Amino acid sequence: MAQYPIAVLVGSLRRDSFNRKLASAMVQLAPPDFTFTQLQIGDLPLYNQDDDASPAESVKRLKAEIQAAKGLLFVTAEYNRSISGVLKNAIDHASRPYGQSAWTGKPAGILGASVGAIGTALAQQHLRNILAYLDVPTMGPPEAFVQAKEGLFDGSGNIGDGSRKFMQDWMDQYVAWVKKISP
Amino acid sequence: MAQYPIAVLVGSLRRDSFNRKLASAMVQLAPPDFTFTQLQIGDLPLYNQDDDASPAESVKRLKAEIQAAKGLLFVTAEYNRSISGVLKNAIDHASRPYGQSAWTGKPAGILGASVGAIGTALAQQHLRNILAYLDVPTMGPPEAFVQAKEGLFDGSGNIGDGSRKFMQDWMDQYVAWVKKISP
Amino acid sequence: MAQYPIAVLVGSLRRDSFNRKLASAMVQLAPPDFTFTQLQIGDLPLYNQDDDASPAESVKRLKAEIQAAKGLLFVTAEYNRSISGVLKNAIDHASRPYGQSAWTGKPAGILGASVGAIGTALAQQHLRNILAYLDVPTMGPPEAFVQAKEGLFDGSGNIGDGSRKFMQDWMDQYVAWVKKISP
Amino acid sequence: MAQYPIAVLVGSLRRDSFNRKLASAMVQLAPPDFTFTQLQIGDLPLYNQDDDASPAESVKRLKAEIQAAKGLLFVTAEYNRSISGVLKNAIDHASRPYGQSAWTGKPAGILGASVGAIGTALAQQHLRNILAYLDVPTMGPPEAFVQAKEGLFDGSGNIGDGSRKFMQDWMDQYVAWVKKISP
């Protein structure tokens, strides 16, 4: 059976990040041929084009992990109505040097949780602009603007009953999207 | 005479950054009551909310420099159709902890240069969204989507003749904007 | 006492539009030197540059009403994650012919209500991009992403108790913004 | 041989619209199994939700034409840093009533020309946001931010030599995208 390794990028470094928990919980809703790995982005240097010729080990690792994946899952926080600088820095690193982007052609889905009612809607809009440029075909609806509130997760860290159906539907469509786009 | 110290944020760490040169050249077009300081953002850690209680020295320095300024000048690169992760990381740091943003109410202007024809237009659009949220009243036109090409600077690093009039007009309007908005 | 006539643009033509009701309710929170007029945009033709030399009466009326105002209030619906075509058409008309825009320099505020949780956040982001280009200095926070739900209005059509304090604060800041920017 | 009828939406009503000419010229670069029809959007009424139950004939025609297509081609002007109200009005009409959108699942490509250097980059960004919500899988690169200048078309109205290779490549990728996504 074909396997679909998915690279997961979480847009917040906070230890108890809602988005990290959301990423972990979503994995439970995926079929067995999909495997998910959260990529480490907190040890990357700030991107500086002068380093393109001699990238840090953490940068080489990030690019290799993305290249090995058949799909991408972005679980983004919203900082100041956009994606975090942390996530953008990772995106910038893996897109360079010019002509050697690791992102090209990888199908993606976007999720995001925040405590506010708009639930990362504005961050996701910026992320979609960026991914379109990077030739990352990104699933449209269902949009997942998740409000981080009590009951989102159950006691075991899985998606709680109130959101289960929506999230399972999201995952089913994501799986279909990756299979359609992935070469 | 009232003095207007301006904090300048350049969105690229590259040593020979066009945007850094542009920032330096624009200073020559300003009146004597405006002084400009390029803030260092390349030594900031990646933002992590867990560090809010014990920020790094570089973060404290950045916030103090912004708070001391009467205006802001963003000279942004465009990376992947948005601002750089480096610049967004600096914006995130100075906006936190919640309720203690250093940006609030500071008038701003946006410039940006790139080698491509669209000249950072898309990065500037994202930056405007972010600044609106941060309560940074940002000057509208004239938009400065600068294409980085021969003749932009003269041999002394000043704005070249072909762009001088446009850039002087930009600066004059920026000065008026800062004086109007700054308390 | 100086008077501040405000031109109000409502982004939905629906008779029972939440945004129209919101526009009407907000007026009650304004001081006596501010007067509000909802502009008619439903009788405009679709914008066609070929008609610039001989604009329809409805277009001439719209431009005159905007020019007579000292401030703008946009109360926008969200259609398909942007402003409505109806509102954009009105904006396009009043911006033309080239060099004869009626919008230039008028201070603005943005409100918007929708039944969804994100409450026009994405429409407002597009509108801010457009207004920045049109040289319309637009108030930043407080953002008003209003969810249209029971209790938003009281029995008399005024803002209900649950939202009164937020909306009064919004209006107070809007009034200060218009007075600061308006020549 | 399977046939791919494509619905073309041009974002400007001007008789001598560059974008209309661009749409016509692009057709010459397509393979014989692709046929293109420019949809009429200039006779649509302004969208009003109150009319959902009894849509105008022009609205019914627009929706039927979109539903009959296997792909979409947007050739957009940029008005005030977004798509035209005229185009947005057409998008709004064909998306309603709620649950009966004609757009769902149709693969799309975006082109746009303007006299300015940024060549509709900002309009295209807004259009991508809108199409993502409408479940219209939209091709990413190559971006076509076309500057409308002498030589863009040859004497017969075809794409001129200077842009031919880029535009042929765009069309080839568009054709592959439609075939991949279309059911």
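As written, the chain order gives the labels A, B, C and D, with residue 1 at the start of each chain.
Note that in this section a residue touches a chain if its C-beta (ideal position, glycine included) is under 8 Å from a C-beta of that chain, and two chains touch if they have at least 3 such contacts.
It should be emphasised that the depicted structure is a prediction, and the values quoted were computed from it without experimental measurement.
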item	value
Identified repeat of the A-D interface (over half of residue pairs identical), from A-C, B-C or C-D	B-C
Comparison of A-B and B-D (more C-beta pairs in contact)	A-B
Superposition rotation for chain B onto chain C, Cα-based, multiple of 5°	180
Gap in Å, rounded to a whole number, between the CA centres of chain B and chain A	29
Distance between chain centroids, defined by C-alpha means - chain B, chain D (Å)	36
Per-residue overlap in chain D, given as positions that touch at least 2 other chains	81, 122, 125, 129, 132-134
Chain C - residues contacting chain A, complex	81, 117-119, 121-122, 125, 145, 147
List of chain D residues in touch with chain A within their complex	125, 128-129, 131-138, 140-141, 143, 180-181
Of chain A, residues touching chain B in the complex	12-15, 41-42, 44, 46-50, 79-92, 95, 122, 126, 129-130, 132-134
